[in-house]
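Following this line, the structures themselves.
One chain, subunit A, links the two complexes that follow: it is found with subunit B in the first and with subunit C in the second.
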Partner chain A sequence: MKEKLARGLNRMLDLMGYGEKWREWKRKRRAMFEEWELMYKALKRSPLAKAGAAMAVVFFILGIFGPQILALINGLYSLLYSQGIIKQKIVLDPYKIFAGPRLGKPSLLHPFGCDEYGRDLFARVLTGARVSLIVSVVVISLGIPPGILLGLVSGYYGGKVDEFIMRVTDVFLAFPALVLAMAIAASLGAGLKSAIIALTIVWWPSYVRLVRGQVLSARENVYVEAARAIGVSNLRIMVKHILPNIISPVIVLATLDFGTVVILNAALSFIGLGAQPPTPEWGRIVYDGLDYLMMAPWYSIIPGTAVFLTALGFNLLGDGLRDVLDPRIRRSIEFASGRE
Partner chain B sequence: MAELKYYLIRRVITFLPTVVGMLFLVFLVSHIVPGDPARLWAGPEKAVKPEVLEKIRRQYYLDKPWYVAFCYYMRDVFTGNWGKSPVTNRKIIDDIKTYFPATAELAIVSELLIIAVGVPFGIVSALKRDSIIDHVARVFSLIGTSLPIFLTAIFFQYVFYFKLRLVPLGGRGVKPEVVRTGLYILDSLLCGDWHALLENLKTIILPALALSMLGMGIVTRITRSSMLDALGSDFVDYAKMKGLPNRWVIYRHALKNALVPVVTVLGLQFGGLLSGAVITETVFARPGVGRYAVQAAYSLDYPAIIGVTLLIGLVYIFANLVVDILYAWIDPRVRL
Partner chain C sequence: MSRRDEILRIEDLYVHFYTYAGVVKAIDGVNMSVLRGETYGLVGETGCGKSVTMRAVLRLIPPPGRIVKGRVIFNGVNLLELPEEEMRKIRGAKIAYIVQDPTAALDPLYTSGFQVAETILAHEENVGKKSVWERVVSLFKSVLIPDAERRVKQYPHEFSGGMRQRVVIACAISEKPELLIADEPTTSVDVTVQAQILEVLEDLKKTQEMTMILVTHNLGLVAQICDRVGVMYAGSIVEVSDVFRLFEEPLHPYTRGLLNAIPHVTRTQFRLEPIPGTIPDLINPPPGCRFHPRCKHATGICKREKPKLREIEPGRFVACHLYRGD
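== the complex of A and B ==
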């Protein structure tokens, strides 16, 4: 199967005229590919990391294809209705009120129950995955690069530049993330966009600290000195020589942070500063359900559990990656699997 | 101890710029916003009279250049002039004084819980590596770090109040006979009001437990790994070779060194506790600054939100100062 795919790919590239270039590129990057294969093998050996990866993938799938999945289920329901197997006509829609009984219990037709307006909670939680996914992807991809860049500059140049960047970072770190995000979101006016901006603004400082610490030790290496001796520019040394060697802890932290962003975004909506109703957002659904905790505990607990499982998945995956990305541990796995 | 004195002086001198920087950040967030900042400070009303806006502009120095405004702002922060709520028309600083003890009490009890559970759990799982306890500790810390506080809080409330009726729903607890510090548990201990003490402990146990789950997980993990580091180091081997009893080696030599990073994490956790209190207090209807902030957010009471931000920022950097001093006291290397 794997060989077939590889051969197919090669053939396709040959037809497009890129075949030789691709093979050349692959030959050059052989070490990298081998390393990736090892990582994959190491990851496969850890059941917890596998579970985490599976949960993360499920989160991504639900986030991207949530509405399509909902449409599929609706199609199934209408089929069952037309066959007379179920008695009432049911459409799962996150916004439709009186789709079911008010605060209805979880049942076969409404697997997660209904809220106080009779909206179906399964549809709302499923659609909520997309909001969480968008927020976490945007915050992680916009918040981390500036952190890495500032950390690189700070650690590499040292001196006054370092002092200035670190003092600014310290000021940002002088706040608990949620509290600063709360103030920023309130200043911008409550809403999903403000929540995203607020979380992005509070996200970079921890990466500056992490990257700077790594650069401080990496810049003393002989390969950096060698690169400098042959006249490689500072920018190129930072990006091409130092960064690839210090990126693993950043990847681990970013994976763990994916879960943290989901939690913090839910917390912001819980406070009332995130996505506004009727947008289905996990934290907000939890807040709305608080008043009905005695009558309808599932109302709050199910979306809360969705946040928990997402965070747990990324935490498990991050932990697994930490072991895999550490070359010493990876080598020991390599020995255990009988290579070399 | 002379170095300790110099260290303290150095640390306090570097503390001041951080406070000013923090104030500047809050100032930046609250005074220089896209749109008209005066509209934000004016509160939730849609149509505000121009003369009211003008008054607010003068009151918060929005009509002055930013550097002048910042100087006035710093003066106001230190003299306790934190603005007035447009919703309740009360002074923010008075509200914060009323609500802060409840939050302080909650954070302190949670921090104590974290120390009481996290540290021993971490030590035991390091000593009995790969045993059942170690695995339990690992799972516990993983779950602790992944649980959103609102879920823990709601779950506890549902099980222990709605189902078992073991504890009160929440709230502030019973006021002891004499109130001196505002921390009800401490006050009822001081004046010997046992009934109030019991009630207050019952009230605080659930929020504190919910709040400390995250910290417990992190502290367990850090204690375990730093204890393992310490147990594998040369000085422990040396102490064993000298023939010291095992217990002595572990608690006198290894533990003392292992606790150094744990203290730092405990300090950092305090910030997590303060921001977690925002959510815990809302779930348990505990009248602290956190719940105050959430109510302010829902009623668009902007000065109150900024006031709470300022307060938590100040408390957090002060807590970190205390931790740094503790750190220097435990670890002589830091002082140099």
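== the complex of A and C ==
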């Protein structure tokens, strides 16, 4: 199967005229590919990591292709309707009110039931995946680079620069993340945009601390000193010799944080500082469902479960990656499984 | 010899490390001069400040260490007053430094060839990728790495200790430095490889007309390849001499002790004679001559006054009150 895929890919690239280039590139990066393969193999051996990876992938797919999936289901529904198999015309739409019965129970046509306006909850939760995905991708990709940069500078130069950056970081870290994010979001005015800005502002300090700690030990490596002794510039040493050697804990933390961002964003919406109705945001849906918890428990429980599963998936994946990205631990996994 | 031939001159260098336990006076007034084209051996026991002195030359003292005062004059320029960017241009291009543990001196993430190329790229702009790569291959050949074309593409873990060391040497000589500082280049490899490495270094020195400073505690090595020797003890240089006279007739009591502690092939001798005592605590060094608590010849003045490095006979310097001119 795998060989067939690889052959097919090669064929395709050949036809496109990139075959030789691709193979050359692969030859040059031989070590990298081997490493990836090893990591993939080790990851596959851990059932928890596999489950986490599956959940994360599902989250991404639902987040990216949510509307397409809905359209597909709607197409199916209209086909069934035109064939006379189902009686009513149903369109799953996160915003359409009275699409189904108010607070309707989960059923075949409305798998997650309906809310108090008769909006289909399946469509709302599915669209909510996209909101969460956008928030976490934006927060992670905007929050981490400054954290890495400041951490590198702080750890590498030390002294007064270090002292200044770390004290500022301490100020940010002194507040619990949620409290600080609440304060910022509240001062910016409730809304999805202010939730994203608030979370981004809250996010970088933990990376400063992580990266700085790693740099402090990495810069003691003899090869860093050797690089300085042959006249390599500080910037180049930081970017080329220190950063790649400390990046794996950053990748692990970023993976774990994907889940945390989803939770915090849901929390902000839950208390009314994040996404505003009618945006189908998971935390918001949970909050809206609270009033009907006795009559329609699924209303809150299903979006809550979505948050929970997403966070769990990224945490399991992050734990798996931590083991896999460290060659020493990976060897022990390979050894323990007896399939070296 | 006249001053004109000096390539490196260290004057009155003090380096202190500010630790929580106190100020470690690691380098305490080092004076040293290296002549162009010679091989200068810097010997002394572990912790006496050999490496720190050499790092001070390149301004690579790790914190909490600091150069307190002194001058390091290289080709007539005081390196300690240069701006950082100028200093960077000197490192690797004019003065190359081979770190103490060359086997760990290569970044595991890059091919060995890339790391040699990095030295070239750090000092030359507008060089073509191809020409750099060709130079790297020829550098590998010049340090006698067999199968150079294939080896440049390999990662450090694919090299043996001796081979890695050669890669490090290739890095150091890639810009044809005027001065090569080798900090214990042979401590981490076995004797056969040591011999090969030394051969490579001597060869390069001849073909490229480099000056070399060899930092070591191996007196055999010094006898083999050095022209002149400086003996260091507890942060200062106690004796400077050409290699023949040093071994024939050591002047400073510490040098004599060192030589007596080496087994001799021709002399029938059952016990070696160690130097009594241990190296002094550099936070609270003994007053006066730092060697006096271990010295057989110590007198009252040794405890009060630190002896200066003085020329006793042409080309021989010693810092000891035994050789006072009067």
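Definition applied: the second predicted complex is superposed on the first by the 303 of 340 C-alpha atoms of A that agree within 3 Å, B and C clash if a C-alpha of one lies under 4 Å from a C-alpha of the other, contacts with A are read in each partner's own complex, and residues count from 1 in each chain.
Please note the rule applied: contacts are C-beta pairs under 8 Å (C-beta built on N, C-alpha and C of every residue); 3 or more make two chains touch, one makes a residue touch a chain.
Model, not experiment: these values are computed from the prediction.
Visitor: Mind checking subunit B and subunit C on superposed subunit A, clash or fit?
Guide: In the superposition, subunit B and subunit C stay clear of each other.
Visitor: Would you sort A:P249 into first (subunit B), second (subunit C), both or neither based on which partner it touches?
Guide: After superposition on chain A, A:P249 lies in contact with neither partner.
Visitor: Check the residue A:A227 against both partner chains and state whether it touches subunit B (first), subunit C (second), both, or neither.
Guide: second
Visitor: What angle, in steps of 10 degrees, lies at subunit A between subunit B and subunit C when each chain is taken as its C-alpha centre?
Guide: After fitting both complexes on chain A, the angle is 90 degrees.
Visitor: On the A-aligned overlay, A:H241 touches which partner chain: subunit B = first, subunit C = second, or both, or neither?
Guide: Only subunit C is touched by A:H241; subunit B is not.
Visitor: Where does A:M182 make contact in the superposed view: on subunit B (first), on subunit C (second), on both, or on neither?
Guide: In the superposition, A:M182 contacts subunit B only.
Visitor: Scan A:P111 for contacts with subunit B and subunit C and give back first, second, both or neither.
Guide: So A:P111 meets neither subunit B nor subunit C here.
Visitor: Regarding the shared-chain residue A:G191, is it in contact with subunit B (first), subunit C (second), both, or neither?
Guide: A:G191 contacts neither subunit B nor subunit C.
Visitor: Examine A:G213 and indicate which partner it touches, taking first as subunit B and second as subunit C; both and neither are also allowed.
Guide: It touches nothing on subunit B or subunit C.
Visitor: May I ask you to decide whether A:P146 touches subunit B, subunit C, both, or neither, giving the answer as first, second, both or neither?
Guide: A:P146: touches no partner chain.
Visitor: Contact-wise, after the overlay, does A:G159 reach subunit B, subunit C, both or neither (first, second, both, neither)?
Guide: Only subunit C is touched by A:G159; subunit B is not.
Visitor: Rounded to the nearest Å, state the minimum C-alpha distance from subunit B to subunit C in the superposed three-chain model.
Guide: Superposed on chain A, the two chains' closest C-alpha atoms are separated by 10 Å.
Visitor: Check subunit A for residues that touch subunit B in one structure and subunit C in the other, and list them.
Guide: none
Visitor: Could you please specify the touching residues of subunit B with respect to subunit A in the complex?
Guide: Going by the criterion above, the answer is residues 17-18, 21-22, 24-26, 29-30, 33-34, 40, 142-143, 145-151, 154-155, 157-158, 162, 271-272, 274-276, 278-279, 282-283, 293-294, 297-298, 302, 305-306, 308-309, 312-313, 316-317, 320.
Visitor: Along subunit A, where are the residues that touch subunit C in the complex?
Guide: Going by the criterion above, the answer is residues 31, 158-159, 221-223, 225-233, 236, 240-241, 244-245.
Visitor: Inside the complex, what are the residues of subunit C that reach subunit A?
Guide: Going by the criterion above, the answer is residues 58, 60, 62-63, 88-93, 96-97, 99-102, 104-110, 118-119, 122-123, 155, 168, 171-172.
Visitor: Any idea which subunit A residues touch subunit B in the complex?
Guide: The touching residues are 167-168, 170-172, 174-180, 182-184, 186-188, 190, 259, 263, 266-267, 270-273, 283, 286-287, 290, 293-294, 297, 300-301, 304-305, 307-308, 311-312, 315-316, 319.
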